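Below: the structure, in structure tokens.
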């Protein structure tokens, strides 16, 4: 698709000026921005930025929830040939310093007071570095609430910017259009900072061409039209959200809807009823957990109906979803179920109109996955990353499996390296890591292959199966399974598939056996405890309860049994584990912003616990500093019991 | 002049009976905050019981002595009323604790309907008579003063006497017995009363029994006057304005209110009613109350209401 | 991400405070020698103080010091036996709530006085009644196509939605107020008062019975109101803590008498006040 | 369960605050009305059904609707509804017989108008009197008008015992004689008034009423005038009640006497709104239907049930049973569901929307 985002936007505005481009629930109703309206807004903002002195290839930071005017701002920045850099809105100020310094950002467009306060802090921190290259001169905000009395220099509202823009536009007729026309598909379109599991984040540079190529491919793969409805509620700084509610939005011209507030997402989701939906597994997991919990308190009749028909669904649902024929009896039963349970369920979840739903980012539990498919939601998996502009492998309708991530789509070549690492080649690969040739060279070979860093293989039907991060795949050393392969992520995921377990961290590389940290799911376990009227005083207390440890032990042993069945992974069975006293948290650097566990970091931070696990101790005292929402810090201390889990003999040895 | 006195006295007599019914209202309202619309139904119910019991006493038990029969019937009826009181507390009020007054009023409306239906199913719906041997013959007073003198119905005189006696007894009961004091405590403040260990439920049963007792007496008197029939339950409607006029919570209020309305009714009927088509006593009481309330929203003897925010 | 708003961020607080000091206007509300009695009971004795435009004015005092009675006098629920109240130069001693409301004085209540039969939206909408003009006949034929009623509803709905957004209660718009937790009900109460676009806002113990977090929210809302709309605020509290941080000047009542008046600092230093507070247990 | 609300998002306040925001509801109500207007006349051939159930149901629904505005929405308890119906009936009657060729509809509305005046007059005390005191005060109206129509000959055009009658009714030339015609006429009137009432209670006058009901001090502090709120409630309420009364006399009875609007009528209507649901338009209809249908049901059912156990039940016994069951039901509802059938209905609806979830 040889064009640029601003041009696409203008095309839509020309073709369907009156059609809805964006909707945001503000003041209780869904306020619509038409394509024409959007075009005008973008023009004004762009001109405003030009007036403020924004040059080609400059970087402009955009921070905030999904807000129409922030989307318009990104377009405006691109219209001038400059580069929008979306950053995670829930990060703390210090986390912005590196990216903004690295990208020499002078201008920021942010959502509200909260972000402005952070930006002002960042401005200070950057100033301390004393380099002229990184001075945050201009900050614009969308929502003026509470900012009336801010006197800081260079701080202004988007409205002011738009006003200035209109004036500038009048003074420089045609300038805007020239800028838009000047942009080339090969120009840089956006930069996404990947919160690397270790070290500083890297700025992934994408051009209009790369993003649009993939966006288009994905759209064609699922035959997306301009009639799709999408709800944008995940961080726009995450390529996932960005590609679905920005790149593909402009590629297809469908409607993107922005929720009213973080607290109303579920309501808004139900109202909008998106037709095209994307979320990482944890979201689907959360939904399912809430479903099970809510059904717990249902009356006998409802429970009976639910269990009955969910049974039917589990049996025939996926088959039907895969478009295969089923017996008449099953057809009828499923139809009834659809009337009494699945339909209503989809409706209350807000997924009734979903035509295509994707999940990606982490492996998704088979039960979880099949649940959604069985109740008639066309949930599929895809494989991709920031560097590949997401779309590498997608699951075609009717050929969906829980443990693979689909087939390479249009314009993608895949190769498996000897070390089992997946290599990808497509027109959608990143241009480079910003100002980081070394890193770029690492992942991008001269002949244009991208090293995904994931270990996996293509199965018989040509579906890609991912086991783990290539670098994380380790080997056991000593012990019965000496030299056996150890895929920590694989193990952790198996654990996380239990509703009671929120996070897990497995250790075992270059050790004789596998041990693990476990994070309980406060909501699920809390409920479980209440039903057993087992009193507890908060997370730490609950996590320490012997009953809970028993509960987790069962899960672990189920996993072991499962692993034992697999010859290659029998050695990865968990022999000892402990339940952590605090939730692993991105604010404490234990998770990435996309909630991936940073195994190495955790290993160091909780060294004592790891030692205790391998040192054969039965309990261990630990004290940890934690950050609270409001930025205050405190300490959590506890003495953690360490539990031994039963390990089964691997088949290989049994045979 | 003599005629005037006659009406006046007649008024006082009926007034006394109104007060008697009104008393029932006030007791219950004081103790449980319930505006007991069912008081009238209770009167009818009690009267029916009384009448039928004494009949059955004659027919079934072959009791010849009228006095004995009446006595037994009275006791029986009283026991019945206590049972009723107990049931009402158990089944209705006990389950409507600290609801708004209106809700409770509605509840008693329900009770009214139930008791009317129940009473007539139980005792039949014909007209029965109660004969406790009150003399029917009229007597003349002050013949010396004006010629013709003042005609007074002996029955009324007795009735009024009984009513008055009952009022006095109750007043004493409230002033000087432990239960009475407990009742007043409850009336003043439910929570407080409960906190010092006064069992509300028992108190309520007692109060409703006492109310039942007054209903019985009223029923007997009216019954022996007009015969026991459905219309008897309407006497409650007569007593309503009395209660409100007196101010809901005041025993003396009920009595004075009764007298005022009794007298007012008769006089107005005679001196105004005749001009405008007669029969105005059905509404006289109410309209009178309406105007009084406009001046004193809390009635003559009720406590003042202050809005707190 | 949670519904609870962050505590007042440092720059915001300073900025707001600064702005207030800059904006402090002249006296908007003057209370002169107010005395109030219920029968024999003296609720207030010869109270006088004034409120300047745009300031946050606190009335504190131990329980039963007559704080609520003071507010009730100001907005016409009670009529003081002596003294007068001057609002924007207009002086009055007998005044019904309606007139006071029309003059632009709004008020929240100590023990929630919400309309529990109505939704959050309707509760706040009811605060607009003074601004609504359509008559019964226009409302009977209310419909989406013609007539003034629907149009008016929509206009005021727009205004009310801004308040809902401001108070961050979007998720509860259509919920019956009765079902909301206490803290949120307090917000709705504030919302209803704000719907009147008051010049003076009387807050009767806005933080009574709240936990620390809720108190922080409430203080932030109060400051924001004062800051965004320049509303003059008179608030009552019986616990000194929060009030001292957010108010410009403080009146201290005890047993219906004024025992102190001045900036938080001055009041804190005032021996009478101290003794009054030590005298009562909290 | 049948609700599918995804995609029913609102882009304007008008659509958001319409009476039935959910598509499925709009469809449902549409079908119901269609059935009432077309289906019923076609299906029901039995005149008795019209005369004994449908027409009384419609007219009493209207009355209950009126009463509900006063009691349910404005919280002003009234035991004098029957009287205001009577005023409506006799008011309309006088206009009808005294002025040649007054159209029926005009007469009915005039009836409502007279009732409104009476209502406001007797409502004035409500400005000072509250709760129980007011309840009793309203009885004054009941007894006064009972008396007036019985004793003041002028009202009844000098007919003895206050019994009067009207005949050959028509609505813009269309005769209203057969039960079906009467039914359709009543239905039409009910629908119109129903919509009007709904509009009032969802507009600001309605909010003022509810404010007064829920917390009168707070209401006055935000500038609501109790006088205005209460008197409008009395006016609107008794206007509707008056029209209902007029229709009861004209359309349903044809010839009537004051007894038709006795205090029992007042109580009956009160029961309707309690059982139906205070503060709910829908509830008024539920209550009316329940109380109209119950006795008829009992009249059929009890003797039949009796015959099963081989005993014959006299009509008197049935009447008494009716009393008892009514009484019991009132108490039952007050204890179990003080908000009446309407609340049960809305709870059921909520459950349907959340299905299969309990909450």
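As written, the chains take the letters A, B, C and D, and residue 1 is the first residue of each chain.
The working rule: a contact is a pair of C-beta atoms (placed from the backbone, for glycine too) under 8 Å apart; a residue touches a chain by one contact, two chains touch by 3 or more.
On a predicted model such as this, the values are computed, not experimentally measured, just so you know.
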* To do: Could you tell me which chains make contact with subunit A and subunit C both?
  => D
* Asked: Going by the average position of its CA atoms, which chain sits the greatest distance from subunit A?
  -> B
* **Interface ranked first by C-beta contact pairs** => B-D
* **Per-chain CA centroid nearest to the all-protein CA mean** => C
* Determine the centre-to-centre distance between subunit B and subunit D, using the mean Cα coordinates as centres, and give it in whole Å. => 33
* To do: Return the distance between the CA-based centres of subunit A and subunit B, expressed in whole Å.
  => 77
* How far is the middle of subunit A from the middle of subunit D, if each middle is the mean of its Cα atoms, in Å? -> 58
* To do: State, to the nearest whole Å, the distance from the C-alpha centre of subunit C to the C-alpha centre of subunit D.
  => 41
* At least two other chains touched by the same residue of subunit A: list those residues. => 28
* Which parts of subunit C, given as residue numbers and ranges, touch two or more other chains? -> 77, 109, 113, 157-158
* At least two other chains touched by the same residue of subunit D: list those residues. => 12-13, 217-218, 221
* To do: Mind listing the subunit D positions that touch subunit A in their complex?
  => 1, 3-13, 16, 353-359
* Structure fact -> In the complex, subunit B touches subunit D at residues 35, 91-92, 95-96, 99-103, 105-107, 109-118, 120-121, 125, 237, 240-241, 243-244, 248, 276-280, 282-283, 286-287, 289-290, 293-294, 297-299, 305, 307, 309
* Asked: Mind pulling up the subunit A residues that touch subunit C in the complex?
  -> 26-28, 90, 113-114, 117, 120, 145-146, 148-151, 260-264, 267, 629-630
* Mind pulling up the subunit D residues that touch subunit B in the complex? -> 77, 125, 128-133, 135-137, 139-140, 143-144, 146-147, 150-153, 216-218, 221, 263, 267, 270-271, 274, 316-317, 319-331, 334-335, 338
* To do: Using the touch rule from the top, collect the residues of subunit A that touch subunit D in their complex.
  => 23, 25, 28-32, 229, 270-273, 291, 294-295, 297-299, 302, 305-306, 339-341, 343-348, 350-353
